[in-house]
Every structure is written in C-alpha cells, then in structure tokens.
C-alpha cells in the first residue's frame, strides 16, 4: 500500500545529512525492537545505542555523535521530530476517497467541498459547511449550522452540536462531543432546577486536537473557545464558556468547570480539576490531580489540593512525612518539662 | 426562523412589569456584550450596570433598583430565572419533525407515539415504547424493552440498554450510555474472574438530565435509579444499584461506585469519588475531588481525602501550611532543652 | 422467552446438592426482595437469613449451615459464584440472530464467520476478520484491518480503530474506543506542537472486558496490550504503549499515562492516576484516587498522592488529624520556656 522512498530522498525532504548506503529503500517506520527489512527506526540518545546495534531496521535517524557502525543513517539534531515527520511520510494516515458515501445523509442546504470525504452513515444537517480535504468518518453527526474547515479528521461517532465551528486541520477522535449543553440551572419558585437554555456555541480553532470521548460544551450565551494548536487528551471535560489558549496542553481526564480561562502554552496534567471562573496564566504548569480553586499565575507551577506553588507543595509534602515522628518529639518535650501529655497521644488514633 | 415577540407580550408571559417602549420586537437572547438589534439581554446586578449601558441589546431584564436609563426593560426579582425562561421562548430548541426518518430501524413490536420524532438511523428494538413529543436524535440506539416517556430529548449517539426506563422530560446528551453491565465479578475455582450477570435495569425518573458521555450502569438484580429532577454533568459514572435522590446535582467526572445512595438535594462537585455501599445524606454538600469512604450525614459538608467535615478539613489544611515552620519550632525547643535533634531534621528530606 | 429448568437439573449442572422439592420450576433470578414465583434467589450469609425467610422466591442458593426452613434450596460453598452461573443459565443474554443485517456495511475484503451476528448499520472495513459467535451490535465501527475473535460481544457504538486485535470472549461496552491515537507531540522549530504519528495498534487478549466509554489508545510504534482476563470499568483511560497484565482489575475513571506496565492480578481502584512509564508490580493494590508517580512493588498496597505504602499513609493521615492540636501543644511548650511564639500562631491563618 505504501510506496517506498530511498534514504537519500527522505533525508533531502527532511533537510538532513546521511551516512552509509544512500539508496536503501524505506517503506515504513518501527521501533528499534520491531523494525525489519524496509523500516526506518530512530535512536533518541546514547542510551539506546545497544538496542540500535541489534535492531534489524534498514536505516536509522541518529543524534550527533552516535556511531552508526557503517549502517545507513540520517543525522538529526532532533531525531524524535524527524522520525515523526518521516512516519507521516512513510505511514500515511488512513485515506478515505473523496466524495459522499451513499448511506450518508446530507441536507440539501449543506455545502460540502468536492474533495471532502463523507463516510458511511454520516449525518450533515442544514446550513453546515465542510471544507476541502476534510474527512468525516462513519456515523459522525453534524447538527445544523456546523462549520468544519479544511483538512480536518473527524473520527467515527463524533457529534458536533448545532452551530459548532471548527478551523482547519482540527482532529477529533472517536466519541468526542462538541457543543453539548453546559451544566447550568436556576431554581424556580418551588425550588426545582430548571435548565438555563444554552444558546451559545463552541469554536475550535486551527490545529486543535481532541482525544477520544472528551466533551467540550457550548457557551451559555456566546462561545466556548479552544484556540489555535491546543491539544486535549482523552476523557477531558471542558465546561461552558471556557477559553483555552493557543498551544495549551490538557492531559487525560482533566476537567475544567465553566468559564475557566487558560492562557497560552499552559500545561494541565492528567485528572486536574478546576473550579469555575478561574484563570490559569500563560505558560503555567498544573501538576497531575491538582484541584484548582483560585487563579494560577503566569509561568508558575502548582500542585496538590488545595493548590500550592511547587516549592510549597514539596516542602509541605516532605514535612508531612515527618509528622508522625514530630508528634513523638513533642511528647518527649512535654515529658521533659513535666507537662501533661494529651490523652490522644497515649492511644494514637484518628481524632477526626 | 424564530418569530419575534414584543416586549409587552414577553413580560405578560413572565408575569412581570415593564418600562420603556412596550412594543419593541425581540427575536433572540444574547449576552450584554454580544447582543444586537432584536436581542434581549439581562443584568444580574449593579456590577454589570456599565456593561448594560454600553450594550446594544433592544431590551433588558433588570433587577429592582437598577436604572434602565429609559431603555425598554422588564423588571424581575430574579433576572437569571426570567432570562432563562425567555431564552426558552425566544430561542426554541432544535425541533425535529414528528415521525420516523426513513433510515431508522423500528421493530414492529415497538410502540412509538405519532408525535415523537425518530431521527436518522435510530434503532428501536422490540418491546420499546416511545412517548409523545419525545425526540430521538441520529444514531440513538434503544435495545429491546426500553421505555422512554414524553417530551424527552435523546441526543445523537445515546445508547439505552435493554429494559431501561425513562420518565418524562428526560434529557440525555450525546454519548450517554444507560444500563451497561455493572462491574461485578466472582473468582472461579481457578482464580479467574467471571462476570456476574447483570440482569437488572436502569430507571431515570421525570426531569432527569445527564451530560455528554456519562454512564449509568444497570442494576445487578434489580434497579439503578436516578430520581425526579436529578441533574448529572458530563463524564460522570454511576455504578450498578445506585439510588440518586430527587433534585440531586452531580458535577462533571464524579464517580459513584456500586450501591451508593445519595439523598435528595445533595450536591456532589466535580471529580468526587465514592466507595461502594455508602450513603450520602439529604442536602449534603461534597466538595470537589473529595474521596468518600464512609457515609455523609444529611446536611453536612465534607471535603478532602479521606473525607473530613468542612471545618476539620479547613483547620487541617491551614495547619498543614504551617507544618514546615512547626518542625523548626520543635527543633528550637529541643535545642533549648539540650535534647538530641533527630538526624532527619538536620538534613531535611522526605523520610518516607 | 426463557424456558424453565427444574431445581434438580440446575443443581446437577452446578454440581451441588439440593434440599426440599426437587421439581420446582425456575425461570429467572432475582434479589431476595424482588423475587417471586419461579425465581431463584441467593443468600450470601447468615446476615440475610431474615430477608430469605420473607422472600417469595421459589428456591434459594444457601451457604452451608443456614437453615432452609424446608424450602427448596441448593447448598453451595460459594453461593455468589453459583448464583452468577445460574443467572447466566436462567437469564440468557440478549441474543442476536447470526448473519449480517441488511443495513450493515461489510467491505468485500472482510471475513465474517457465518455464525457471527452483525447488527444494524455496523461498519466493517477491508481486511477485517470477525470470529464465530461474535456479536457486533448496532453502529459498531471496525476500521480496516481489525481482528475480532470468537464469542465476543461488541455493544452499540463501539469504535475499533485500524489494526486493533481482539481475542476470544472479549466484551466491549457501548462507547468504548479502542486504538485511538495516543497523546504524543513534538515541538517544531517554531515551538508549535506536531503530532507524533501513532502507527502502532491495540491488542486485547481473551476474556478482557471494558466498560462503557472507556478509551484504550493504540501504541505509538508497536502495541498497547491488555492481557488475558483483565477487567476494566467505565470511563477508564489507558494511554499508548501500556501493558496491562492478566487478570488485572481497573475500576472506573482510573487513568494510565503512556507506557504504564501493570503486573498480573494487580488492582487499581477508582480514579487512580498514573504518571507515564511506571511499573505497578504483580498483585499490587492501588487505593482509590491514588496518584502514582513512581513504581509500585509487587504485592504492595499504596494510597494517596503522593503515593505512600498503606501503613505510612494511614499513619500520616491519622497524624494529620492531630496536627492542629499539635500546634497548640508546641505553643504551650514555647510559653513554658519563655520562647517567642511566632506571629502566625497568635492569629491562626493559612500562611501559604
């Protein structure tokens, strides 16, 4: 299925120098351990030199200084990046033929670019626009008025609620739900909850990627926005009216309550939670499982729940480990001074 | 698409007084910032008075005492509630035409009300009943024996496993799975896990709303029940045999292990987790990320992991911040008394 | 729908002794409370003896020593296990007719066993293989090159990305996504994130079960593997290149970052999170909400965040409850010795 490319041409495409046989034909990428005839592998550092020597790959991408042992190789200052690029070239993604599958349902009021691929049983509502080169995989559902830019990949089973707007090269993995109603209620005179109509929409700018089964709710009155280049992992929740900055990274199972603002290039690790209406500053780093209950300063690093600056969290965590011993030391002091040791200290237990 | 309504009629429908031009025509709702000609906006409090003055909305809902500056306005003791009602009126939800889409698969043994809307490629199994005015959006799947009441909205891609029973006005957002098998296993003689057949079912009473990609498992032998008016956010897990009380609120990514009982009007914040077979009392408040490992008293407020009463959690959390300094104070005391300072205290580190 | 079976025959099939009327006809299973005519119920222990006496079940499975009161009963050393087996026999799972539903899309290059059931609107891509007795429910999507073994149950809406491989008797609940791209990026020269092509695949061995809306990403270069008999609950995230051991149990909403290795028979409770590239040893127990940031020894029990051995975690947690009182005791010591009590201790607050 994949055509082969010779080492020399790949290196030229990458803009890198080669060593060894320039004509070796490459048709795939693999790990050092699994590579075989025709595969390109890469070596991140000297640490993997032994694995490289025993690898059966046909060629390697090597960092400066690592001995190629005469085997065909591309020299790269960033082997990981060049390998990723090579993989994109050598293992092309699943291609769908352009055109609309006969089982798809496309409203006559929708505009679908001729080069877009609309898979089996995709539903496209009135007023939708689908850009050139975009793939909509099986069972994807576009409610009315959804706009999808060019070269997007929308995997099987994705749901885009009415009015959602996607830029170019957006990737949504299976099960993603964009633009569901946010979680907002008012209590009526009888004390019962009544849903606040969520009449806004969700916007995902260019180059945003969202992992499987994540949910990004629509704005209440206006928009929820995920800005250019932000990367969101699986099972993440983004509440209504959030504003996620450019190149932000959000790891799996993190959850942002409504109206959270995340500044550009901030990183939120797995299972982070944020109370609503907070601001996470540009470039901030929020450690795994952190529970945010107030703003995070730009460039700062916070951990824990309640959140603390990294140094404070580490100091506190270390001190906590010493707490049981500290209780004994205080008891010793009290005895030395003839003070009464509290009852609780003689029969240690949880006094909560 | 939306017909307009004049201010006077809207106010009469809400049961409120008006000021200014009673004839202004309204055809939508928007935020103060985004509103334009024909839009209704609302002002929650004096804090937003400046934003109101510069808004281009055609009319406003205002709290008592806030100066309308001569512009058309509805006076309301609860602007948020009345705005929500107005939004429901002015931005009607997506309407599907009644009837069954030709691509849907409806078993001949199913009973679907003539006013129900069955969207593209919906699957309805034998023995199902779908009530009047209910919408089943694209790709929704009703396994055999599912009962859905009246005026429900079941969004695209929802799965209702066999025997699930929904009351009236239930809203299930995309990706919700109701009635999947619970997580129960017995180990056989060889020590391997064997699934306990989950032969119960799930019941969602009237006015329950469940957010995108949440999962509510069926009962093992009888039922999992979510009672009238409970509101559940995105990516929430409700295990088998749980009983969620009336008007309970469960925020995103919370998870309840099997047989958890939650009393009416309790509130569980985001990412809360509950061990199985616990009871959360009526009106209790469980703070974000709390890990429940024992019952929660009615009306109490708990936080943290392990859970503590709010006052204890706050006191403990505050004390923890002072722990590193406390260690120094104890060392000073030991020195003053000529006691030996522990090795660990001279070279601070984590002694775990 | 279910045929009845007499008590004697059921007992013989289970290999157990009976008491009372051997000819009573059973046609279902139920809880003690809900059981009626024709139902089998079970009694776990003496604790439920009263509930058994008032139950209207036609027969019971009883542990040794518990008085049957003359009613029809099967004696079992493990009533739970035998009840589960009986339920499997008496309440057969939803059966689909073998064959391919006319609305399904099966690529001509796919091989589907004649005894497999392919439901409405299932999509099966080129190069797929589906084994004997396997059920693919409505809207399931098999991307190209997916292999599914025998007697699997793939519920409605499951997505299997290209190259995924499933063993026999695998059960995937609705909304599960297998083989989505992992979360891996490199930064290019301009500092923008570029996705690392995820060209591996996911393997689920025999008897694996995965709960609703869980996601298991494909390997980056080779495989993500879930080994024989592992049981995974709802909304769980398994990152790329993970290796989940045989008979491992992972409870709801746990998340494993990339390349986590979990040894056989380990148990991870709900909402556990793991940093990447960690190893959880065989038979280890990881308590609910634990945040793993380093390896877990085989057979050990860890809790908390940062993780601690169970004894250390319990000791620390108990000590923490006593911390506020400890601060007072230190102040008393300081006063007794005429030392200056820190400012912060006179007006208690959070000094963070």
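Which chain is which? They are A, B and C, in the order written, and residues in each are numbered from 1.
Everything below uses one rule, namely that a contact is a pair of C-beta atoms (placed from the backbone, for glycine too) under 8 Å apart; a residue touches a chain by one contact, two chains touch by 3 or more.
Owing to the predicted nature of the structure, the values given are computational and were not obtained by experimental measurement.
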Once you've mapped the touching chain pairs, tell me: line, ring, star, complete or other?
complete
Quote the value, from 0 to 180 degrees and to the nearest 5, of the angle by which the CA atoms of chain B must be rotated to coincide with those of chain C.
120
Whole-angstrom distance, CA centroid of chain A to CA centroid of chain B, is 24
Chain A: which residues touch two or more other chains?
121, 139, 157, 175, 213, 235, 253, 271, 289, 308, 312, 317, 320-321, 323, 326, 330, 333, 337, 352
For the chain C and chain B complex, residues of the former touching the latter:
29-31, 33-34, 78, 80-81, 84-85, 87-88, 91, 93-94, 103, 119-121, 137-139, 155-157, 171, 173-175, 207, 209, 211-213, 229, 231, 233-235, 247, 249, 251-253, 270-271, 288-289, 304, 308-309, 312, 317, 320-321, 323-324, 326-327, 330, 333-334, 337, 339, 342, 344-345, 348-352
Touching residues of chain B toward chain C in the complex: what are they?
105, 121, 123, 139, 141, 143-144, 157, 159, 161-162, 175, 177, 180-181, 183, 185-188, 191-197, 199, 213, 215, 217, 221-222, 235, 237, 239, 253, 255, 257, 271, 273, 275, 289, 291, 293, 305-306, 308, 312, 315-323, 325-326, 329-330, 332-333, 336-337, 352
